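Two complexes are shown next, each including chain A; its partner changes from chain B in the first to chain C in the second.
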Partner chain A sequence: MTSLIRHDLRLLLRQRIAVPTLVLVLILSAAAVWAGMAEVARQHDIIARIKPQQVEDVKAIRAWVSKDGDAGNAAYYTFHATWDAPSPLAFAALGQRDVAPFVLRVRALALESQIHEGENYNAEMALPGRFDWAFVLTYLAPLFLIVLLHDLKSGEREAGRLDFLRVSAVHERALWARRIGLRVGLIAGGLILPLLVGGLLSGAAAADLLLLSTMVLLYLLFWTVLCLLVSRRGMGSVANAATLAASWLTLTLILPALALLAVNGAFPVRQGVELTLAQREAVHSGWDKPKEQTMEAFFRQHPEWRGTKPVEGGFHWKWYFAFQHLGDLSVADQVRAYRHGLEARDLWTERLAFVLPAIGTQYLSHRIARTDLTAQLDYQDRIRAFHKRIRTFYYSYIFNDVPFGAEDFGRAPLWSGDADRR
Partner chain B sequence: MNTVRLVAENEWRLMRRSRVAQLALLILIALSVIATLTSIAHRDGNDALRARFQAQADQEFDGQPARHPHRMVHYGHFVFRPLPALAAFDPGVDGFTGSTIFLEGHRQNSANFGDVRQSSLLARFGQLTPAFVLQALAPLVLVFIGFGVVAREREGGTIRLLSAHGVTAQSLIFGKAVALGRVAALMLAPAVAALLWLTLMEGAPVVAALGLGLFYAVYLAAWVLIIVIASSLAREARTALMVLLGLWATTVILVPRIAPDVALTFAPVPTRLETDIAIQRDLRRIGDSHNPDDPHFAAFKARVLKQYGVDRVEDLPVNYRGLLAMEGETLTSRLFDDYAERQFAAERKQGAIVAAFGLVSPAIALRNFSMALSGSDLDGHRRFLKQAEAYRFDIVQRLNRLQAEAVTFGDDSNRNKDPEAGRRVRIDPKNWHDVPDFAYRGATISEKLESALTGAILLLGWLVLTGFGVRIAIRRLEAAL
Partner chain C sequence: MTTVPTTAPRISLKDVALTRGTRPVLRGLSLTVNVGEIYALLGGNGAGKSTTVAALLGFLKPDAGQILVADIDPVENAERARREIAYLPENVALYDQLSAYENISYFMALSGTEPSREAMDAALDDAGLQPEARPLRIGGFSKGMRQKVAIAMAVLRDVPVLLLDEPTSGLDPRATADFNALVTRLKARGTAILMVTHDLLGAADCADRIGFLAAGQIVEEVVPSKGMDVLALHHRYGEVAAA
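For the complex of A and B:
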């Protein structure tokens, strides 16, 4: 058996197109892994870089705020950094991390005007999509497979060897299985090997790597079956190649683009803009409402501060932070609706992933790499929880009228990073 | 010339009889029509929505009650970027950039709510737009229909027959190119109809629409020639198909993805967070308004007192707090402009690196050209960012001036202690009405042409290059005849 495989391997490597194809798969897949790892390293660098800058920034605020110890000033001026470190497998599928921020600063003011902030990125660079391993797998691997499989039988027929092969082979099925398995296996190896190396270097979980490798095999299996179905129709090599390339075009470019039209059309998400417009109105109307009314509404949410010294005079931080928070609460329904819209878009993409293999590999690899919309929403959830901790932290100074000293800056809650990831 | 037409007619008849060619062309045209209709509806819907939001924001700003002017500085304003009519043809980066910015005092917020961030990763597969159909799909369909035009004749030996009938290599190649060019023209038809519609019904600039039609034709013509060349040089039709598929996958799919990686490596851009911190740091260095002994603000105060010939800020005829706010805003705004310019410069460098890849990929050259003429390139977004920042500075300074002139220093200082003063600092809401609305000025046609120039030159270069290729192909074919 092994000698037969070795024989077929020799035959395969003697083909003019086989060796360049296989080498190209390996090079592209390795280059994509390398590029992905470089990008992930850059993201880690940025996260590491902002920490000392953030410390400096807080130090400068501390210098003047601690002079009179007004907790309101501390709460108003101090930003708190959050970040979403790339997962160990992010290198394989960089996903939406280039268009959504992975570092964001928030302060104790109303959150809805802070959490939707974007990142400085060059949209023209993001437009064509990133060159990463998931791209090589989804788009390029089927093309290479088509190159190697489209003329498997028809090529032999055209060379006049088919009948001879059929007669001389003891088990004809075994012969084709060997030849197909060899080709698919070599391409799979070219894809999986760089992934495993990258995964080991990045400390990815073995289970995730296994899952991705299985996905590679299943995806290649789908394309192999398609290639066989097409070649069973007994057309020439040229017709096979054209049919398969047209299928590739349909499955990886046209149908996903139509799916995007359908999904985004079915779930409009204009609530994002609407809620920011509404939230601003709610926050700023706070200046014109009777203070007692605002405080009463706030105390209903936070009864723990009800017994504290009442607000007097034209301005007090208690009142200011109360109406900031009430502004957020006033749009809670819209925030939820916006969120549901985004989740519906993601859910339908997941459903399509079961039907269209190209969407399947993209969806699964980005889910495992935690670089998709769900991961983005998860980061926002963690920011929301963190923002609550920050508010609560400053409230205890502001509502208890406790001065905010230099050492209190060090007591502020710190972003726990990725510890409390869902 | 007659034989050219003969060859073209023959090939055309053959194509019309080929079910595969028919089907491929039909699917492409159907896609083009779907893309055109949805893209126009999408643009119109989005533009109307943004206009509605803008009107709402303007109305809300004007309708604010009597307030201290500084409250209005923080109340701020929303501006929305309108979509140019030709964005229906090529939406470019519109989905990738936010379309709205919240403008307020002392802060520069990002443009938010771009489509892509609000979409699942489906958005990264590419959007079905007329531009995408012609840039990416049309060449591939041309490859399917045309890879065998000459190679088939060679493989089947019919080429000698043609030669015996007096068909030269040149007329054979030209004839095949004309036939394939007809297919390309059919592919272009829905897009031309779309451009016509956008020009007549939605007021798209004629020159830009004309330029788009013309250079998409140049792009497809270059592909037609590339296909005919490959088909003539290859010994077998299959080799021609493989080479052409490889060429398509490389120039349309692979290189456009690799180019940004290269550009981002050579011209990195700092994150918003870092820029934010850097601006705060620079600001403290120039003048720290929280420091009572700050030299910059001390000098400012001395200058103001001297200008008005008084000794104390209380004696100024204007509200010193308003003047201080104006000075502070000038400093921050200058830094915002500074950092924005640095970022724009880096982005332009990135753009230039990617544009240089147009030398190896006509698809990149066409994409840049198309976005520029459609007004949906990054330049357009930068224009919006700049105008929004200028508008932000303008309204904030107007409000600060109101604080300086319509609110007295005494009232301003006692507004929180004395309810009467607190009432007096809330000035007439008519003032909000007097603040002008934001009016976005899109790129003029000459600006668009200027940024489209590189792409146009590269595309013409490609056409010339394929012209040379055709000559080589003719010579080779002559030798084979």
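For the complex of A and C:
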């Protein structure tokens, strides 16, 4: 058996098309891993730079806020950095990370506009997606497999060798299985090897790497079965190649695009920027409402501050932060609808993943790499929880009329990074 | 070599009928080839020679009748039957990117044997391929040289049944004579050889029996003998082919 594998391997590697194809798979896979790691390194670098900048920012604000000890000024002017560090496998499937914010500096003001104003990206730029390992696997790997498998049997027939080969092979099925296995195995190796190297360098979990590797094998298995089904029809190599190319176009581009278009049509979701505008309008209308009405609405949400000193005069931070918070509450239904819409789309994408392998591969890659919509929404949830801690922190100074000293800046909540990640 | 009772024919076709598409090709074909016998099957185009070979290799299932190769039904037990058969097609297509040695080594490995370099050299000597050509890729080989590589494989297989499809087509007279001598040596080893050919002279030279195939059945069978009137046979053959 080993000897036969060696023989078939030599035969394959001496084919004119095989070596360039396999080298190209390896180069593209390695380049995609390298590009993904470079992007992840860039994101890590940005996150690393945020921390000292945050310290500098706070130092500058502390210098003048602590002169009069106004907690409102501290709350208004101090930004608090949050970030969503890429997972160790993010390099393989960047997913939402190239379009969704992974760093956000928030203030104690109305939050939703702060979250969603970062979503103003060029949709056309986002459409083709990143050149990452998942892209190579989903879109390019089937083509390479087609190159090596389309003429597996028809090529032998066209060379006039098929009968001789079949008679010579005592185990004919083993012959084809070995040849298919070698081709699939070498392509899988070309895809998986750079992934493993990238995974080891990034400190990815062995279980996740195993999952991705299994996914590669399953995806290649699907395309292998398709190649075999087409070749069973007994057509020539050119006809096989044309049929398989058309199948590739249909299964990886046309059907997924149509399916996702249908999902997006079935679950219309208002853009994040619309949420931002709606919230800003609600917040700005706060200036025109009677203070008592605003404070009463706020105290209904936060009865713990009802007994504090009432708001008097023209402007007061209590009132200002109250209508900021009410601005968030005013768009709560829209935020919920926005989220439900996204989750419904995600659910249907997950269902499509069972039917369309290209969608399945992308979806699962992003899920394993934690770069999917769930990870994005999780980051937003963590920001909301952190924002609540910030508000509570400043409210205790503002509503209790406690001066905010230089040392109080050091007591402000700190982003716990990935500790709260789901 | 597998031991088969010497009384039983190694190749046996009995009342075989076979249709390809809608066209009946074999119509009650019966023939036998015994141990250590060369049977030449002659016939014109469309007579059913290639279909007979394909049926013996198990590629085509007969509509009626029985086919046995070394007592094995080649359709029902294709893998077992192929262990007993060496086959030399009319146009030998090997792997151009491999050398003669590598081709032999590969095809022999497929059939379950790993011949030594010495054994390959001995078989290639028998087949008449020059030693200097053996390590070269066969992409540049002539048809005759490729044929010799395939013949060496048949020699190395050392199986009880050898099927030859137009084996001397494209060979020069000297190579043809060498080939006939080799086939005669294989026959002496006990191999049952069925040779499908147009070459009546070659057949008359080495075959023990010659069957004339027309319209899917043997219409005449002759045993060549010394002093046989080959010219008359040639005329007869022409008549049979025409029929």
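The rule is simple: the second predicted complex is superposed on the first by the 403 of 422 C-alpha atoms of A that agree within 3 Å, B and C clash if a C-alpha of one lies under 4 Å from a C-alpha of the other, contacts with A are read in each partner's own complex, and residues count from 1 in each chain.
The rule we apply is simple: a residue touches a chain if its C-beta (ideal position, glycine included) is under 8 Å from a C-beta of that chain, and two chains touch if they have at least 3 such contacts.
Bear in mind that the values here come from a model prediction, so they are computed numbers and not experimental data.
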item: Clash-or-fit label for the pair chain B, chain C on chain A; value: fit
item: Which of chain B and chain C A:373 touches, first, second, both or neither; value: first
item: Which superposed partner A:232 touches (first chain B, second chain C, both, neither); value: neither
item: Partner chain in contact with A:15 - chain B first, chain C second, else both or neither; value: second
item: Residue contacts with chain A in the superposition, chain B compared against chain C; value: B
item: After fitting on chain A: smallest Cα gap, chain B-chain C, Å; value: 16
item: Sites on chain B touched by chain A in the complex; value: 20, 24, 31, 34, 38, 49, 53, 56-57, 60, 64-65, 67, 71, 74-76, 78, 92-93, 96-98, 100, 102, 109-128, 132, 136-137, 140, 144, 147-148, 237-238, 241-242, 245, 249, 253-254, 256-261, 263-265, 268-278, 280-281, 284, 288, 290-291, 343, 347, 350-351, 354, 371, 377-378, 381, 415-417, 419, 422
item: Chain C - residues contacting chain A, complex; value: 54, 57, 59, 78-79, 82-83, 85, 87, 89, 91-95, 97-98, 102, 105-107, 109-112, 114, 150, 153
item: List of chain A residues in touch with chain B within their complex; value: 17, 28, 35, 38-39, 42, 46, 49-50, 53-54, 56-57, 60, 64, 79, 81, 95-96, 99-101, 103-105, 113, 116-131, 135, 139-140, 143, 147, 151, 237-239, 241-242, 245-246, 249, 252-254, 256-261, 263-265, 269-270, 272-273, 276-277, 280-281, 284, 287-288, 313-315, 341-342, 345-346, 348-349, 352, 358-359, 362-363, 366, 372-373, 376
item: Chain C contact footprint on chain A (complex, rising order); value: 3-4, 7, 10-11, 14-15, 159-161, 163-172, 175
